[in-house]
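Structures for review follow.
Here come two complexes built around chain A, the first alongside chain B, the second alongside chain C.
== the complex of A and B ==
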């Protein structure tokens, strides 16, 4: 049963990944990326890592994808199609990727993995203790560094997205009030019809 | 570990995902599409960490904690990249790679 579910998840993930990198419409490719991320969360659930699957769903599927969708909607015209690389270049990079993939697979299948037979369930409390412990296998230092990194990324994102001027707008023309008034007066005097033409 | 599924199959899946991401990274011409490919690459590496932790060293927590850190770094990176892309769009009116070759404006 688990095997069947794994294969279904794998097929969905690979198909969605291929669609995400080859779709001509950007919003659709973001949604295909969402499918890949949710499939990864399903893999974590199958491996009994519930906490990691929850993080994957909230941070990736809930945060990152929504952020990318926002930027697509701010930037892109939805009906516009993306320009893609030339066919020769596409074939070239596909060939290179297949070459790299074959090297990876040859290495993976040649290496004798010593799989441990037992399967233990990791609770969230253990992860919390590992993250906050000072002991030999504790992760308190990278945990604090990550918190500083997140803070600096937040401030940096606000500063970068807010600052800067828009170049596309034309500069506003300066209005000289006295000149405007003079022009208006000139127009009024020119439009005045001479009285003798009316014939009074 | 998943019953009936060997570690080789899951590593094959993550390798395929990784190289699909690399392919998109090379062929796409749009900054947001490149960001999407980057997410694919990062995600496949996270699955690798988790799988190796679960199959080879199930009593340790290193791979798990590292994948949490990778997720945090990826989220920060995405936020910064989106901010930079929006700023580039405001300055040049385009998010194509060919038109953002100069960094100063």
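== the complex of A and C ==
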């Protein structure tokens, strides 16, 4: 049963990954990518690592993909298609991909994977304790460093959104309705058109 | 013949059959529930506007929405020529599948729970954050300006209000010390959480209801499908059953928001003061009563408040709800730390 689900997930992920890079419509690529990410979450669920799976769904599927979709919506029209690259470039990237794939496969096959005996679920409480403990197995330092990084990113975003100095605008003049009316009346009386010309 | 019986045996032994049966029952029950929620909404709207509402089909109009559903099933599925067909057809399934998935984790009684996952609340938040992708896709692939604007608004709204929903639930998790829904209800045997956590819990509940209403794109936060501005918003180009999926998902999402509030704040299937503790099946009754009171509250919002503007919506979230929520989180932590909770 678990094997069947694993193979279904694996096939979906590989097919979606290939489709994501070969599709010529941008938003479709994003959706294929989403399938890959959801498939990865499914694998985590299968490993009984529910917390990581939910993180995968919230952060990647719900957060990152939504942001990518947003940027695509802003810059891309539905009738646009991506250009097909030149033959030489295609060959070049195929070679590079093969090289990368061979490195990965060599590493994976060289690694002796051991079958885990008894698997236990990592609970959320354990993750929380590990993140905040400062003893040997604790992760308090990386946790704090990452929060400082996020804080600086937030401040950066605010600075960028605020822009440099605000463009100076001339202060709006106070409008005095009575004065305005007087001026208008003056103009009208000064430009008095002879009544004969209008032909009254 | 042998191979067929082998396959059948495999289905029974591996539990696939059980899974399929449970899924089928859930689907049927909640599709019907969604239909009756639509009817309830129309009745409540009629009541608020001093009308009678649907009263022709069946006794008191009880079969009105079932007739509507049959009509939607038999309608032609139209589509636009210039739409991106693949994404256009995919979008409704994202929305309906995510909202149906969320229903699996609710404990309706002590024993009636399809999937008691150990990260309960977090799973619900994760699943609900995917539904918005369906709305964005539907809006973009229809190749329609109104649909696109509706989808963009929906994205902005859901991404911002998700934070408030998550944080207000996190406030309550401090009290329970667990994310698992069955354990959260176990904790509430010594008082519903809204009583146990008193002031911060009430604040969290109010923020949760506001943000939850916004996340389901219901009035007064229905800029996504503001009829007077956008036609019908992101599902302008959908017809027949595909439109029905969006529509049904909206109502099921409303039920989910109310059911989460029931489970987290009001003790889920626990009866008030334990009056029916000896009858476990009464849990379902109490769960549904509490949920429908909250659903009615959301309908009350809808027919009372005028629609917000987009800037007001974002100001409300980022300048009011989020800071209040963060302070509330600290307040709750202090109260739990000093043991100031009310235990019955």
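Heads up, the rule we're going with is that the second predicted complex is superposed on the first by the 151 of 200 C-alpha atoms of A that agree within 3 Å, B and C clash if a C-alpha of one lies under 4 Å from a C-alpha of the other, contacts with A are read in each partner's own complex, and residues count from 1 in each chain.
The rule is simple: contacts are C-beta pairs under 8 Å (C-beta built on N, C-alpha and C of every residue); 3 or more make two chains touch, one makes a residue touch a chain.
What you are looking at is a predicted structure, and each value in this text was computed from that prediction instead of being measured.
By the touch criterion defined above, A:73 reaches chain C but does not reach chain B. In the superposed model, A:25 lies in contact with chain C only, and not with chain B. Judged by the touch definition given at the top, the superposed model places A:63 against both chain B and chain C. Counting the residues of chain A that each partner touches, chain B and chain C differ, and the larger count belongs to B.
When the two complexes are overlaid on their common chain A, residue A:142 makes contact with chain B while staying clear of chain C. With both structures placed on the common chain, the touch criterion links A:161 to chain B but leaves chain C unconnected. Overlap of the chain B and chain C contact sets on chain A: residues 55, 63, 70, 72. Across the complex, chain C is touched by residues 1, 25, 27-28, 31, 34, 38, 50-51, 54-55, 57-58, 61-63, 65-66, 69-70, 72-73, 78-79, 121, 123-125 of chain A.
Chain C meets chain A in the complex at residues 14-16, 82-84, 86-87, 90, 117-119, 122-123, 125-127, 129-130, 132-133, 136-137, 140-141, 143, 148, 151-152, 155, 159, 162, 177, 179. By the touch rule above, chain A contacts chain B in their complex via residues 2-3, 6, 10, 13-14, 17-18, 20-22, 26, 29-30, 33, 36-37, 40, 43-44, 46-49, 52, 55-56, 59-60, 63-64, 67-68, 70-72, 74-76, 82-85, 89-90, 93-94, 96-98, 100-101, 104-105, 108-109, 113-116, 118-120, 122, 126-127, 130-131, 137, 139, 142, 146, 149-150, 153-154, 156-158, 160-161, 163-164, 166-168. Here chain B touches chain A in the complex through residues 1-13, 15-24, 26-30, 32-33, 35-37, 39-40, 43, 46-47, 50-51, 54-62, 64-65, 67-69, 71-80, 82-87, 89-93, 95-96, 105, going by the rule given at the top.
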